[in-house]
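The following pair of complexes shares a single chain, chain A, combined with chain B in the former and chain C in the latter.
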Partner chain A sequence: MPAFSFVQPSTTDEALAALRQGEPGETVIVAGGTDALFELESRRIPPQRVISLRHLPWRTLSWAGESLRIGSTLPLRTLESDPDLRRRIPGLWQAVRAVGSVALRHRATLGGNLGRSSPASDLVPILLALDGEVDIVGIQGERSLPVDQFVRASRTTALGPGELIRSIAIPEARPSAFLWQRVRPANDISQVGVAVAYSPTRKEWRIAVGGVVPRPVLLPQAERLLSGPSPDAAELRAAAQEASMRVPFSTDRRASEAYRRQLVAILLQRAVRAAGSRPSPSGAP
Partner chain B sequence: MTASPARLTVNAAPVDLTPVPVDERLLDTVRWRLGLPGTKEGCRTGECGACTVLIDGRSVLSCLALTHEFAGAAVTTVEGLEGDPAGARVRAAFEAEGALQCGYCTPGFVVALTSLLKERGTEASAEELLEDLGGNLCRCTGYAAIVRAVRRIHGEMP
Partner chain C sequence: MTFTVRPDADAKLRGQVAFATDRGVPGMLWGALVPAPVARGRIRSLDLGPARAIDGVIAIGPADLARLLPGVTGAVERPVFPTDRIQYHSQPLAAVAAPTRQLARRAARAVRVDVEPLPPLEEIEGFDPVHPGPDRPDVIAHVLARHGDLDAAFGSADFVLSETYRTAGVCQVALEPHACIAEIQGDVWHVTTSTQTPFGAREDLASMLGLPEERIVVEGTWVGGGFGGKGAPLVEPYALLLARASGRPVRLALSYREEFQLGRTSLPSVVRIESAVKGGRIAGRRVHWRLDAGASLPGRDFTTGYAIGFILGPYRIPAIEMEGYAFRTNKPPLGPHRAPMAPQCVFAEESHMDHLAARLGVDPVAFRRAHVWKEGDRTHLGQKVGPFGLDRCLERAGALAATWSQDAAPHTGVAVGVGFWSTATGAGGEVRLVLSPTELKIIEGEREIGSGSVIRGIVAVAETVLGISRDRVRVDYHDTRSAPFDSGVFGSRTLAALGQAVQKAALALRDELGKRLSVPAGSVQLAEENGELVAVSGRRRAKIRSLLTATELALGGLTGEGRHYGVSGEIDTARVVEGTFYPYTDFTGAAHVAMVQVDPETGAVRVMRYAAFQDAGKVVDLPTAQGSIEGGVAMGLGTALTEETTWAEDGRMSNAGLLDYRIPTLGEIPPIEVHFEEGFLGAGPFGAKGLGEPPIIPVPATVGNAIFAASGVAMTELPMTPERVARALKLL
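Up next is the complex of A and B:
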């Protein structure tokens, strides 16, 4: 791995100035580095420069009423340690805890997880179920995109050259759950992950599934089979059946398509039951 | 912007970063440049925890870190835990339980556990400590004694 130039901007303006240097393909962005360092080594053409986001003032977390904004470079371990997160958005807390080990989460970030856009991501499904929005800054200005439009395929997002993820917004705290299946609990990748959330304002469920090629997906057909905040067993079975038929699973070295279909049906029912049994954050039924 | 940052400290000693190539991993800086062999290379892919060091008191995988990222930060390796009260408690428990076989994974476990104690103190239960140690692998599968050491630490907590 031949040497590149290394820059560590401490303001957004400095970061954008660094992005303006040279061709986009010559630059690698490092947040927590837990994926980007593999990218650095596997590149056929070594990068000209590395931009480290570690010193940017984006390691933030702020609640405003029911909504939450998470800075893109906040370490996941800091996010999971927020005293309100587990109670108010349990599914996000569970999903963050699912990522790697504690030492990995001391560095790994939400921005990096979205930037990587892995089909097996544990965070993309819950961000879909919570209707998360990606706040983007770039040389051309700022914009915001729903997570559903942001992630496209492995290592492919809507992010243009000269753009960075600054923060992620969760519009409302929701009763929610994230359940996964994998071989080893820590430092392994999920075979299937199921995220569910019930919106108290829209009075509807969101269901998203990871471990899917080319990217985690929302399942509106299954969502519509669940009527209220505590669906009965028949509704749950119908939604599970719908999900297991609908999701475009495939077979890879981690699991077969058939196994994934069976898993999703079971995890979905458990997740909805877990989320539905918790009181909604605002105290409404 | 810090283009070529000056230094970091490793076990409280300043290290000049000028001669360190920008693509050098913290693991290699610690082991080979500074000659501190306590930090081990198990997988180099973030999956085993053998390379765990503290950065500003928190556990980090040194195989997945570029040294230059940490200009200005304080790195502590297992060798630097000598005078650290949390580190001393962990070490004493590992010694009391004989919690090592070949010893290759031990520094990683000791550093990771020290970080958990610093972070959560007496608040975390033994079960939580064990769950949060899940990223450290022992290839001798000597887990029973390690689990006892964790329980011993917890029992000793004030």
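Up next is the complex of A and C:
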């Protein structure tokens, strides 16, 4: 790997100061580094600088009533080990555990995954289904964007030069599920990932699908076909059919378009059933 | 905590073992290869100038070979660099060396290659192999054998089942890539390398470089996994030539991407198998096999003429015909991957057996047992079958499968598959044992490649013969200059061949000790007393120190030599029409049982339970033998379900990396039960049979049969990925 300078700020101000220096194209920002490492190795034109966010005080996790805020550099392994996550937001717990291996999750972060914005991300679909909000800090100030507006295309986000993801907010705990299909179950890139969540306050479903180029998508048309927290089989079939037709799947080396359409129809029904059958977050039947 | 099952385990787990990639010498240069930019084409020009213009860079190409290798005259079978035609993508066209790895890579990129690209030849079916026609791959091997009245068998059959199977190329995926350090020491070309066959590498290098063998020294390092991929030299010739050209030691290690692109892996094949059935028995079988051999076929038609026999199966069939073609395509040369092509051939054959049984409505295990070879039967080529425990393995596997079937959940299937193999002997092996007052040294020329056969297996042989405790036995590796000859760690032969040499040498030592103690040789065992070795026979005890002469003490101890040259059986050459076929040394059977669950809506397959019944002859060291079976099954699950090399239209390997070439992880590997069947003795010490390759062979077939049992769909293509199963289930 070619030589580069390595900057490791420990406060937000230091991090922003580091971002002010040098040209954006010459800088690579690293959280856990599990994905960036590939790029650093294979880049023909090496970066001049790598800014690591690991020493920032952003490895946080806090519940406030029904909402959850996750620091962008919190290791995924810490997130999945939170005693309440599995019970209150099961879909997020499942999605986090779908990422890589245990060893990888000790380094990988939610912010990094979002910042890299892969079409095959296992985390973006569930963040979409949970109406996640991205909290951004930058040289020009702070702002917040829904995940749906933050993620634009493969490796492309709304994050500007001089901006960093500080945390991700989940507005409310929801019955939810994330299901995926892979060639190699335990550790692979998902061919299709389906995230579903039911909002008890808005009384509506959110359905998001990954494994779609250029980015994971929400499926409002399919969502509207599901009436209550426990939709019947006919509604499920209709939503599955809608999703299968609607998602702009394509064929690549991981799966054919036809197989992805089959998968999304099956996984969507299973995910909604799984989410619907779970006790509600408050524990009430 | 220390790990005692394997003497090398502790150091390996702590990262204290130096593999070839960990080695370096002061003043060395780093080598890099210049890859062909296309899979097929003509080289118009190769300009090393821009690389040579970089300070400190040495670059060599085909034009330099005459100067560097005065011993090579005329055309060589395997030129180091192509001069005219590019045969596969990334084929090394030139090599560079520089003081740093980055600089070497930069220099390799700086070389200007001008080629006239041609469309790569990749297809091995859809044309007549006898007259392939223009723009079709050449036939580089053709084998044909037949026996019995095939026309009568097919003409009078109750029914004929004809099936076609397609298998993908799989890679060895050793943890450690190919790596070496070359150095010219006066007249001697010295290479320190990760190799399964130091003496074989020396022989190959001598022929490639036009040097006498005595001028080449191959020093093996610990091998970070071989699986067949580290036999024939790969990086060594380039490193040696760069060392020669630069006058400096040169280290050349492949990146993991290059490991996939240049490694000698297995390649796709197509199997057509037809069986004529009459009265519930197989009356005739005809197989036609096409093998993609890539740019060349090492060992000529060995792979073709050996593996094809497995498509007929270890079964009594009165009339047979087998015909195989190997084609030269624009892929890297075919290499040996653990039991070369046998898991693929057996996948076709054993799946076919279950499909035949289903058609007949009979139990597939009983159907096999009605046909399976027993000792004294004749093989398809007329060789007499030796002690063979497959029927017994089948019986036990069938009983277990019946038990598992009782608690099979919905969409779950249990099935059996078998495989057989034979322990290779190679060109023989020799060892020297030296018994000192405190230890027994095994002087030999093979490095441990991971299976345990060297570091543990041959040690266990010495333990068994002499009664010595394992911590008093030391494997003392020597390079090709001073080690006794051995033909290599391959073909499941190490314990069988080198182990027999150890057995003979240990027996010679025991005889000598018996003489010196004036007791019957067979009664002598070694024990320990106050840190010294003692020879014990009944009540007689004597320190080894007291039994050695002054000269022996000065030379380090009492020496015993052992040699083993295996013998193979004979085939009936009247049955061979064309090509070369090979006899078996011994007969090693295995019957496996798999329980799988098939998702009827997605095609996903989960292997829930697995068991292997292995005909082992005699188990010499139980943990090592179990490890080999578990590892073979795990590797076979990859071939069965997830592993395949994929090739882009331009002939480039499109999944050259561990992200998209998927070996199984522990998450996919179910609990594996291992059972041994002993007593049907094989070619190794005490009747042991080689266990390196046999455990991988039945796996794809067994898993495929379990999918068949679970879902009713016959899988005919490897690997059986969820999407392929979904297509077979007609979900798409």
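Keep in mind that, in the parts below, the second predicted complex is superposed on the first by the 281 of 285 C-alpha atoms of A that agree within 3 Å, B and C clash if a C-alpha of one lies under 4 Å from a C-alpha of the other, contacts with A are read in each partner's own complex, and residues count from 1 in each chain.
Here is the rule we use: contacts are C-beta pairs under 8 Å (C-beta built on N, C-alpha and C of every residue); 3 or more make two chains touch, one makes a residue touch a chain.
Note that the structure is a prediction, hence the values are computed from the model and not measured.
The superposed arrangement places chain B and chain C in clashing positions on chain A.
In the superposition on chain A, contact is made by A:S101 with both chain B and chain C. After overlaying the two complexes on the shared chain, residue contacts for A:G211 are found with neither chain B nor chain C.
By the touch criterion defined above, A:R253 lies against chain C but remains apart from chain B after alignment on the C-alpha atoms of chain A. Touch criterion met: A:S52 reaches chain B, while chain C stays clear of it. By the touch criterion defined above, A:L263 lies against chain C but remains apart from chain B after alignment on the C-alpha atoms of chain A. Between chain B and chain C, more residues of chain A are touched by B. When both complexes are overlaid on chain A, the residue A:P185 reaches chain B and chain C alike. Put simply, chain A uses residues 2, 101, 184-187 to touch chain B in one complex and chain C in the other.
Partner chain B is touched in their complex by these residues of chain A: 1-10, 14, 18, 30, 33-34, 37-38, 40, 50, 52, 54-55, 77, 100-104, 106-107, 184-187.
Residues 2, 101, 181-189, 191, 253-256, 258-259, 262-263, 266-267 of chain A are the ones that touch chain C when the two sit in their complex. By the touch criterion stated above, chain C contacts chain A in their complex at residues 102, 601-602, 604, 606, 641-642, 646, 654-655, 659-660, 662, 664-668, 721-723, 726, 731-732.
Interface residues of chain B facing chain A in the complex, by the touch rule stated above, are 1-5, 21-23, 25, 45-49, 52, 55, 58-61, 64-66, 68-69, 71, 112, 115-116, 131-137.
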